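Each of the next two complexes has subunit A plus one more chain, namely subunit B in the first and subunit C in the second.
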Partner chain A sequence: MKKQAIGAYRKFFKFLPIPFLRKYREWVRRAAVLFLCTVLILNFCACWNRRELNTLAIVLGTGLDVGNQPDTLELTAQVVRAGEMKSGGSSPDGSASAEKAFVNMQGTDKSVLAAVRGISHMANRRLYFPHNQVLIFSSELAKQDIAEGLDAFLRDYEARMNVHILVSKGKASEVLEEECELEKIPSVHISGMIENQESNSETVIVTMRDFAIAMLSGSTAPVAPMIEVHESGGKKRGKLEGTAVFKDGKMVGELDGMQTRGLMFATGKAKSSVITVDTKWGQVVLEMVHSRTSLEPVKAEDGSIRIELKINENGAIESNETTEDMSRLENLELLKKLGQEAIRSDVESALSQARSLSADVFGFGEAIRREYPEEWEKMKENWDEVFREIGLDVQVEVELRSTGGLTRPVTPGGAE
Partner chain B sequence: MRYFQKLIWRFKEQNKKAKKENADEAEKPQSLSQELKKNLDAVTAEFGESCDLVVREFSFGKDGKIKAALIFLDGMANLPLINNNIIKPLMYDSRFFRTEETTGISSIGELRDRLLSVGDVKVVSTLYEVMGACLSGDAVLLVDGFCNALDVSAKGWEKRAISEPNTETVVRGPREGFTENLRTNTAMLRRKIRDPALKIRTLEIGRRTRTQVNILYMEGIANPALIQEIERRLKDISTDAILAAGYLEQYIEDAPYSVFQTIWYSERPDAIAGKLMEGRAAIIVDGTPFVLSVPMLFMENFQTAEDYIVRSYYASVIRFLRLSAFLISLFAPALYVAFSTYHQELIPTSLLFTMAASSEGVPFPAAVETAIMMFTFEILKEAGIRMPRPVGQAISIVGALVMGQSAVQAGLVGAPVVIVIAITAVSSFVSPYASDAISLLRWVLMILAASMGSFGITLGTLAILIHLTSLKSFNADYFAPFAPFRPADLKDTAVRAPLWSMRTRPRSLRPQDLKRQNFDIPFDPAAGNGGNQGEKP
Partner chain C sequence: MKLEKGCISGWEFLFSVFCFMQGTMLRSGFIISVTRNDSWAMAFTGLLLALPIVGIYAALLYSFPGKSLIEIDDIIFGPVLGKAVSILYLFFFLSLCALNTRDLGDFVVGYMMPETPIAAINLLFLLVCVYAIYKNMKTLLRLSIVFCILAVGAIVFNFILILKDVQVDFLKPFFRLPPMKYVQGTVSVTAVPMGEVLAFIMLAPMLKKSQKAGKPLLFGLTSSAVFMAVVILRDIITLGPLVSVVSLASFESVRYVSLAGVLTRMESLYAVVLIILFLFKVSILLYAFVLGLSELLNLKSYLPLTLLSASLVFFYSLFVFESVMENMNWGASTAPFFSLTFEFLLPAVSLLVACLRKVNSVSEVKS
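Our next item is the complex of A and B:
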């Protein structure tokens, strides 16, 4: 083996004079090994691309609309103007600076990637997607088909999976034009807004990854938060409202805020929520700070499958607008009951809406598939019908751990 | 590599041959003659017209019958000592020298034994020795009628006082530093280690400079093989001039082509004493206030005398800080270039805005920008060292204001680059031993990063690690205790464990006596035995 190797190497280095070879055999061998290693290292690695920062157009938000020509879509890329970011928001006289810190570039073509290429005809910089924060589909486009836009962004190396997905009621490009005071760039504002929804659980927080997982499961209906542009105080502002429900790659309907909260409770994603209950004395606001949900399919004796949904909420009294002392035990029991009712009604309203859309937004199908795979095989063909009829037991437990910083309400003379 | 090794070997062989020939020539023993005049002629012939040679001819003994001459070099010898302890006893006291009223003295040794009130007197018999004695500041007494002479130690030249070291300052440690004078330095170490086991071997290196070199080690602690190896390497040197310890270092280091130094040095006696007690050897070169210590391990780049003086928590934090500073000063420019030209997706979005904003309108690519700033920094650093002190102010103004702020304002470079280079520069001063290596490797890594991104940085880092693990310093593994892994030695690396817990000397140095503290007595602060019982009962 070794001899063979030496022979091959002699042949290979024939151009070198023999005495040189003999004298520096070891040295030449090492040099050759080093050279080979270098060549292999430089070629056997992933692609990379050198690009200077000032040749990039950093995309922070992307909007997809239906194009004005048939069978086309319009892509809006929100590109940050870094120079304006630095120069501060307002000019010395207090008014907002004349120059916006972003620019929206639009391209219309038959596919997402073609539209991206189209923009490159109009810009001296390359669109750079890794820092994309939001991907907004207009509901018009969502109702036609969402799959193509999604695939392009999922397949691309540059785009990230943690992009927030939204559906706009109007045009997506208009949402990206919204005016916001706290941020210089609408996309940053929108993505911050979504992340801030954890505190009320009335909007779903969906990244591209979540959306893709739901879509690929086949039975679960993907959802996405909806955004709408309102005119208030002479300014166009974006506002999150409700949830878009998808089925078979198309948007089929909406859930409103309360239904969305029901969905969040049912899927255990409600991290924190505020529930207002009406007592005979007036309104009391409960804050749910800790939530535990278990969603379990159970098989009844007759072989039919029911879903058991147990929701455990832990909370506190956030505000008491009545004059009644809510720290009393019987009042606490009452509040718990009212809280349970409120949550139950949210969940049931979400369920009835989902049933009317025959879209399994809760992931019941997935749960059954995991627990009873054989039964699932039988029912998955006509899951839409099964879902409409499937029995659901909702058990809600509400625990109130504290009455907040006060025990008795603040009433005139209440200190006595 | 093998090729280079061969080349070096050949050089060494040639050197050896040359040395032998030279030695034959120079050390041809030309013995002294009995006639004083002949001897004096020979000496003056050797020195030629050098005006600092003093030949003091006189006669002594009863009736002044014995002719003699004292030769020394003006400025090198201690004149009061010569006057009071050599000339005065001979010319004045010898009148009462009774035994040889008729015959004179019988041997030159008798003068030493009975007349000269000087501590160190030797009998020498060759011209070469006479010259050597003169050149090292001694006075040589030649007496007519004898074929040997007395070498009277009268060294006394002007020397710098012991002062606080400039390069390694500490807050709580001793304030004295080595001086240019070899004997002062050995004395300082003797005062730290009052143990006869502290051995000092002497060598003379440099055909013409005849520089005194001392090897210090603790007998019974240091590995004898190490001392042999040092002596062998020192004896192989056949240059004509050793003017500073740095000269010597380059002749005896293990990896002359490496950017990393494999010989440690210090200006502090306490630091060197610590090294001796760990089983290392110290090499003192006359005329240099820096004492070398071998073997050196990589971690010594980050150790300072202060680490052992302050308590171990803080010392460990500082170690960690120093290691991080080392990594920052090595990788910061490379990482900046890699991130801003290849991996923009790894930068947090809001930071990316800031970086993109500052790169707007900057004419150069990030790599060139960084290179410009690194180069500028190196120039400033060099200027700061070489410049006469009074103009030092100018550099800091030009450096800080013009190079930093104005360059950014003028849009020539981006502000992040200035920040990166500034942190790099400051960090590189935290570990002064490694700063030479860092300032070279930084460029290599930066270029790799500019051409291949973080992949290039990974390659460069691997190459550095492979190189470090292959290095040796006087048969000790340079990258120990990490590779080869010796857990017991880790106590003095990234953390500095409490002194009482370091019960053994570093195994990587292969000391003869591993035990630093008594193993038998368990440490118990409550019992007040202090743990450190020493080796002797």
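Our next item is the complex of A and C:
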């Protein structure tokens, strides 16, 4: 069968000097194979879209500000300087290296992509976004419109959905200039800082995906953590504080740290948190390690819907600044009660702030849509008013599992 | 070279069907844009609707053991009309081949090499398919078990890695869309991935017992429906409402994986597996076309046709759609009707005529 096929080909290539080829057949075959292999190897580097590392400007953080001309925005791209990353904080001769490990490139134009193109007029390398870790909107821009910047970053095939979104109180470009000591690059510092917020539950952690999901919902108000540059010890440092609340694609207000914690408790995002309670003997600090939240809409007999929020916290006594023995069961009950009150007041404070902004940061609307779609159809038209009125039952349960390494406080003469 | 008979086992056939179906994962986006957060259920309703179709195929294969689709047509409809019907089938295989090649090209261009012309990718891809056919199809079918492990492994691996970022609530509320949407979704699933197993009727004579092709077909389809549901479920619980907005849901959800800053950027893994599965699928479709064509033209060997057909597919795939948007529009509106004509209507008519004329291979031999 194979011979037939070869015969057909031979007939086809009659015009070629076949006898010559036959003589050197083995040689020709080898040459052809070698040639093919070479061509294939050349193809491995994917010729069209090759990107050599030394032609890329790897962006680690992006900031968006309002531009100085009307209707423009200013994009700050933080590009890593790989050579400086390696050299360490100070050079071997002891003098501190003056070179920063990053460069902030700025472009101003009417849209994000135009600004990126604008930067290419000033740089020999091409901005490369897949390693972008943070996207910072200045609150000034966020108050105008956030959708434009977001769409460009979500749509681009290079962009990823797990980029952290932040809102800066001042200019975003200033945040990207912050002086950090533990990291060489502010963007890396900021994204690490965000991941570290799990330990205090006072800052929301929001990726592009979370933000987009909240935005797509008709009722939920997207939130993003806020960052601020403040001076301490002559250095400008970034600090995460509070939460920006969005509605209809614009920033409409803020939640402070405690309200943010209330929000995190209510949405079940809180991981560990520290609650300081005042007893009549002094301060006691409780550390919550596990948190479980269930947010459920319940339908009353008359057809109205209430939200039932159950928060279950589980933790330990972390420090006891009083002289009282807190391991006694009646004191434990008292601490639990105080802890519950603290959490409840956080949640209620967040709720009242959300109501005053008429922004459903908790996702009550989504919860109702999921559980009672028919009722939701009726109330979604005037959800803003319903949200302000909707009843919320908060049940907080605090469990204290241990008193840490000490049972009684170490006080003068406490051994007696 | 004729089709080798009786060289693969039922299990290999089953895994081949499974891999063939998994290659269509990319198209899950069409279903998700219709039925949103209930799309996972469409895998099962689609399977239910596909059962009668598979039943028809199995009945055809049962009544004509060891015969391929083209020969069956000749027996049922006679030499002239049979040829006409066969040409219709061949056109369908050719179109499927081109559409799938186009899908792969769009995927690679859209997500990995945006500046590369789609022609370069399609050409290289088809060359590999041709190579696979030259090197004997049964080898590829036997390899299906390896591809199957790869595909299942990638799905399970990605599913586990994404678990920390999912929110099961996204699945609620269940089944709140207008009923027509579910009908549309079900028909889509039945027509576009499931019915395409029609190509396996061409391969059935390769089975050791071609009369028993029904069972591996059915189990292959069922297992692929299960994994299809798993993949769609994963996309929905990872992306929530975003799932119907992004252009490639499973790619985006794999992209979201980020575990301890180490296990990130898994999409390359996904892309490799996907390209392998596509390769498998297009090879089978191309093979079905080439084999059918050689039988139609009474050629001794299908090999000389392979490269020629591949070049036909290549040009077809280039001009079949102008843009991804056109592709999506086709997938959402016309594709199910186009496919069902060949997948359901023609075989059903064949079976009906066969029953009415009371022909089967035995009587053919006698006459």
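The rule is simple: the second predicted complex is superposed on the first by the 362 of 416 C-alpha atoms of A that agree within 3 Å, B and C clash if a C-alpha of one lies under 4 Å from a C-alpha of the other, contacts with A are read in each partner's own complex, and residues count from 1 in each chain.
Note that in this section a contact is a pair of C-beta atoms (placed from the backbone, for glycine too) under 8 Å apart; a residue touches a chain by one contact, two chains touch by 3 or more.
All figures in this text were calculated on a predicted structure; none of them were measured in a lab.
Enquirer: So, A:H121: does it touch subunit B (first), subunit C (second), both, or neither?
Expert: A:H121 sits against neither subunit B nor subunit C.
Enquirer: Figure out whether A:M85 sits in contact with subunit B (first) or subunit C (second), or with both, or with neither.
Expert: The answer is first: A:M85 touches subunit B but not subunit C.
Enquirer: Examine A:R370 and indicate which partner it touches, taking first as subunit B and second as subunit C; both and neither are also allowed.
Expert: second
Enquirer: Just subunit B (first), just subunit C (second), both, or neither: which does A:K280 touch?
Expert: neither
Enquirer: First (subunit B), second (subunit C), both or neither: which does A:M161 touch?
Expert: second
Enquirer: For A:E52, is the partner it touches subunit B (first), subunit C (second), both, or none of the two (neither)?
Expert: first
Enquirer: Have a look at where A:S217 lands relative to subunit B and subunit C in the superposition and call it first, second, both or neither.
Expert: second
Enquirer: From the superposed pair, tell me which subunit A residues show up as contacts to subunit B and also as contacts to subunit C.
Expert: 48-49, 160
Enquirer: Touching subunit A in the complex: which residues of subunit B?
Expert: Residues 1-3, 340-342, 344-345, 349, 352-362, 365-366, 452-453, 455, 459.
Enquirer: Where on subunit C does subunit A make contact in their complex?
Expert: 1, 110-117, 120, 124, 169, 172-173, 176, 239-242, 245, 252, 255-256, 258, 264, 300-301, 303-304
Enquirer: So in the complex, which bits of subunit A are touching subunit C?
Expert: Contact set of subunit A toward subunit C: 1-2, 4-5, 8, 43, 46, 48-49, 157, 160-162, 209, 212-213, 216-217, 366-367, 369-371, 373.
Enquirer: Along subunit A, where are the residues that touch subunit B in the complex?
Expert: Against subunit B, the touching part of subunit A is residues 24, 26-27, 30, 41-42, 45, 48-54, 56, 58, 60, 80, 82-83, 85-86, 128, 130-131, 133, 158, 160, 188.
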